[in-house]
């Protein structure tokens, strides 16, 4: 309900001053966010769906919030699940699981009548190695849930630059509007890709690597230090964030 | 020259086997990069212009590379200049300076006939405080040189969240496809903005702040840790990178 | 025994000069602390109760110290308990458990006749997310044990700033003299709250978050870097410390 | 102006629907902050004055903002000034300088008719050494500008614990409601003080110290790691923040 | 297949223009890497064999990749195996295990007809202590698989410099072309050795050590800070990398 | 045996050239260390016994090295044992265990006829809290094995400075030549002690503490940053090193 | 005035009970420190002299405190002076300068009749390189001012271990009771020395070194990680602290 | 001279006991180092020349040491000179300057009759950017002074991988035995090169880069984290070390 509507009802005497006051009070609370979203909404219905981040929540809390989300919005995306949590939740919502990847700790549950938004954006996702795939899959699921078509090429890492050329060409030909490049260790692949393509690249560092600068720290720093403009980064293992931003970018480019 | 052309000339006997071999050898060197760029080029001519990063280069080197770029591509964008270097270069290229900001250490020099690309993308830039403006101006210049329309609102910082609503609404109404949010200190503004709008947000940490986590480190970490999907980050003070990526995003959304 | 008593005994010839000397020597040991506490005590009986910090102590040590505290002061507050330690201790002191929260690792055991001090201070506690609740509960228990009334609002995080307005208003109306704001990840909520209210805010970073700056580090740094005066911080997960300081502040404001 | 007033005017036909709409729009922008402050305002007029943080602003910007603040609120507090900036500003506002400390980089300028708020809170400030005095003076000025009486004891550092007892007793006798304890190097003094007194202690680390953990880092960490509940901390050299929070605490305790 | 061959076939009319084009396209993908390796190959067949790095790969993936490598190149070297993974793989490839060390997490499996390259290089490996042996064994296995003769002296650490003289002399007499020196804790041994011998020394820090700078960090930093030219380093526990580089060096010196 | 003696025997024909050569060879290997120790030995027989550091060694290796040490020198001191390793070793050497502390992970095994050196030095050991006791016990065992008398006072932490005076006085009266002060968390106690006594103080940080600067890091930094001359430090949890150095100091002061 | 005197006056009726009480109250403030020092004093008059640490103090403050110290105790030791401060102070106290080293930033000024204490301890000081000499000189001056004989050997660094043997032997022959070993870069020398001699070694890291772990950080970490018991450390460049502790050790060993 | 020879001379009465004693003493001191070097010397005369590292030494010290080196060994290599120091030294040794690079802070001075060793090794040096050239030049000078032929290709950075192929091919054709790859920022080039060539690669990080991980830290970490075996690293800006090790490698491969 809009502010102006309430004012109109009040001006027309359809509601009392007290009623208008309390409705406005109610509205003012949810106001800023909604207002801004509505404004942006004019550019198409491309909002980022709410994601249930499981760590630090009890199994019961995750279940209830997920159920609430399904009831409210038709779908729940849950991330950060460990193997056991993923299995339990998949069993709990048996028959409603629409997507997911156990290794990626991500699950999508949809209500019967839910229809995925038709974003139409095209997103490319690459990984440097096999160990980066689980994190990249988070990004894929998220982007697909936001209605994107995702083009994948995994394990095209920098140790063999030549392995990279073919999938890059194919994605470019397919018209991807943004590329997510997942890499751990020294994290050089996103820089190399950003030096070759003319679409924005989201560097997705993964927590692989050892010794000094391990656990993805060097990979993240490499992406931040890259001398290639056109490359931005998310935090280590944040596949959900990379996928969401990529979808926002790609859906606008349709 | 294309590979097929060389092959054709060889097949038609127009060139010898040796000649074909050496031409292909030559070609293969410059191959991958050019090839990929051409592929992407099909989706519009929106490449990121080369930027001369001044630090670590002598004044003479900067001057020569800039002159070379103008001759070759009609324009040179130079960043990372200190006050003296900026002044010297502005004097050197007197009459050709098309844009720039001394505090931002950024200068754009264009040849006579140069025409800026008509990217048409719309980019919003906000800063939390006054101290973040110079870095934000780097981003503005870069995005404008890539043909974008830039909407600015500076010093709308989080200490007064309410100051933020109005410029945000205006930018949303104007149809920006991406927002750059520059902030130092605790760097909370990009998260707040990403929670309110439905376009991708590029967090641009600036090297303000003191004590533990100062010099922009906390600001960057905050952007990486943000619980708002839709937020990505560049390194501290990397206004050029933020502007370039924003332009790539926005120009695709036209 | 007081200094003056010894002097009196000496003046009355009841003890020798040597005896007085050695008694004073003995006394001087416990002197400074007691003395200062007595001095401050004049401004009201608001001392911070001793808390048994369990980590690094054996189960038996924790039990014995707790029993000793109950005998001596009527109450024992134990913190830092793991699930098993909490259960064991709760069983051990069955019937005497006055308060506690298993997830928070905190337990309060009171002797039969113990009467909680009537501090009367009013403390507000907010959390950004669900994962911050356990740490916040440490603070609640501590403040309540110091005689405060605690007003809680959990999961009002910055991702939806508008969710924040209502509970903030209610707490302000209730007259809280201090607010504890628990947050992990990027830890922006305490800054936002400190920008909106006119009471001191204690930032309580929690060990949530991942990748670079995870485990609460970014949250703590954000609170330290905040540009909002009126915000102070405790270390990551130190709910006990936040609660104790808040109670000291609030009980003075009655 | 209140929301209800506007609604009343509209209901009574005193203003048009358009007028009501635009006034509400205007109000909603500045809404949350003002609203919350007014609510809290009921507990006395103890808000934190705005402070002009000079670093990253040009001399002219500092001058203009200060002049604006004086015009708007009758007073400007400027912090973070270097020696030259302090001198310039003191000259600029000659005759209006009400307080300040050149070494502390802090200056207070008041308009003719300005009357300092009568907070009435009592704040104690201690420093471990001579090198901590400048930062402590920031806190003193801030607290005094918020209407507090400040009791100082400088250079009472831990190397001679016995030097500490006397000033502590005096402050306790005077009835301070909070103590700020500034220390660099290993930063042990705040812990020692918090172990002796029953009022909240704000640890104020200063950027003294050398080698590993120097520049105040160890001092800050010591305050965060302290086993004494009742101790909170601000960032290194943040005397303004310590003074503001102390004043908020003390003024409530009157 | 070589580029020139394709060109020759085309020139001789043995293949069509289309065929030549598509073969070259195919080739160009794998081009740069192969090309460069072939070029270098002229200086002897001493390439570094591909190593399967187990962490982040499932047991099945490791097994399949290993089997593929054996089929393709006659041998698989697997590193980073935990005890269970090592046992499983050793059982799986029973009868083909050619070398390995369970504590070192490294296994070499060779097909029936595989012949180890006859590099002929001589490599010396020392460890400071017993705890460094497992990592050193990684290096030994790698160097031997590259055809080197390895001379070992373990536990000759700096606490007893005199223990070092004899094995050093022996290795020098044997004509080693490079020395790998593994050390944890303070990591001083590589510096000491580099000060005594005239062959290049590869410092191999191991993740032993405790407290500040533990887990091999100090050892690595010591090797990087060493004032002895002739010393280079690899990351903590990277025995494979040290062995590979040492073999490259030694095999050239034959 | 001295070099000159061997030479004299050879010159006098008492031993053959071969015999002289092999004796010198023997000597030369163990030479520098032995030589220097012998030189210092003139100042009393106070060498530091070799300690078997268990981490990174297999149970069998620890057992064998220990047995070898007992055979060779009459005694083995083993440190860094986990609970299981301690139990196993205590069982293994049943009847020979002379000292030890399971929580401290330290065990002393002596052969039948072994006589502890009569160093005679007096060492004081204090701990701030209960959690520091295990590490302090390492130091006690080590110092006692080097023939020192150890005076202990545990849990005299800084939260109650007054608890400290009495044990300090007693130790001073007893004539300790050095004090080891173990502390975790903020690690302030060693500084306080060093400010009160006139003997050298060895700060022994322990891995207690949480959040930023936890695991003993702040404690160590505090000891390094201390403004009290007379305080030196060892690494976190290095009770063996603290005990050894204290014994070297104390045994010289007899 | 002593406690016993007051008691005697009271016992003799020379002062009233009130008077005695208030005098004792006054005395008790300065009590603990003095008391403890007196206790220790029984073991010889070897206290550490107060050192004026110049950084963070104005030139005038340094001058006044120094003058006060000379008047009070006959001598002032000032450290941390920059070149200009050193020159000014040397000029100011012209004729009274007893020792000092401009590069070391250390100056000793003595009153006419001052007699240096006759500690008699013997201290050895070594440096790894030339760049470590200034810091080592701080230690020498401090130890000499505490009455020690200092034996120096500079630039005997680890790059040539054999250079070390001779000066070590000489110091051992001379009977030094402790060695200070100053080193920057990788800081290996103190470990090497501690492995060769049987006296306690104080590692003194200096702020030489570059790149990762530079500015003395690696040197300090190496000393903390050393596997040689008998080695303790002070913070980077803390020559004063090393000298003071060494003198405390050596003077006890006379 | 061997120990046995001395013993034989003594046994045969050719030398006195005193003579034998002093010869052995002499031998024992300088023994280990010299001995080992001689041993290695058999594999060719390829020792690393001593380099005068200027930082922390006075201009006079640098001059004297350099003069001493020239007199002793015919040549002095000085590194780490600032512009002024370089100019002064170049003037001082006018006419003897054999090589050097002012920006690299490196100078080589040779006596009249000095003949550079004829190592004959072939070393390739690449830089990613222009800002890495000065550090690379240190490496070139060092390698050339050790008698190597150096092949350079500067500014072939990863942003344009295709620029890399040609110089790489040429160096491989020329037969370089080792490559030094200098890079700052994200430091990806050494990994890319190590993935393409079959000779050992020495990563040389340079102190370029900004923000988090700047000053070469990310570059160094990337080289340490690289997944390409065959890559080792030196510390940031350590061109001398890289050049020395490369020469040791290359000269053995002749």
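Here the chain labels run A, B, C, D, E, F, G and H in written order, and each chain numbers its own residues starting at 1.
Operating definition for what follows: a residue touches a chain if its C-beta (ideal position, glycine included) is under 8 Å from a C-beta of that chain, and two chains touch if they have at least 3 such contacts.
The shown structure was predicted, so the numbers you read here are calculated from the model rather than taken from an experiment.
The minimum number of touch steps linking chain D to chain E comes to 2. Shared contact partners of chain C and chain G, listed by label: D, F.
Overlaying chain E on chain G by C-alpha atoms takes a rotation of 180 degrees, rounded in steps of 5. Ranked by how far their CA centres sit from the centre of chain F, the chains are topped by B.
Averaged C-alpha coordinates put the centre of chain B at 39 Å from the centre of chain H.
Chain centres here are Cα means. That of chain A falls 60 Å from that of chain G.
Between chain B and chain G, the centres computed from C-alpha atoms are 55 Å apart.
Residue positions of chain D touching 2 or more other chains, listed in rising order: 28, 31-33, 129, 160-162, 165, 195-196, 210-213, 217, 220, 224-225, 227, 235, 238.
Every pair of chains that touch is listed here: A-B, A-C, A-D, A-E, A-H, B-C, B-D, B-E, B-H, C-D, C-F, C-G, D-F, D-G, E-F, E-G, E-H, F-G, F-H, G-H.
Put simply, chain H touches chain B in their complex at residues 129-131, 160-163, 165-166, 184, 208, 210-213. Across the interface of their complex, chain F is touched by residues 129, 157-161, 185-188, 191-192, 195-196, 209-214, 217-219, 221-228 of chain D. Within the complex formed with chain A, the residues of chain D that make contact are 3-4, 7-8, 10-11, 13, 17, 20-21, 24-25, 28, 31-32. Listed in rising order, the residues of chain C touching chain F in the complex are 26, 28-34, 55-57, 61, 205, 207, 216-217, 220, 235-238. Those residues of chain G that touch chain F in the shared complex are 32-33, 35-37, 39-43, 46-48, 51, 53, 142, 165, 168-169, 172-173, 175, 177-178, 195-200, 202, 220, 224-227, 229-235, 238, 240-245, 248-249, 252-253.
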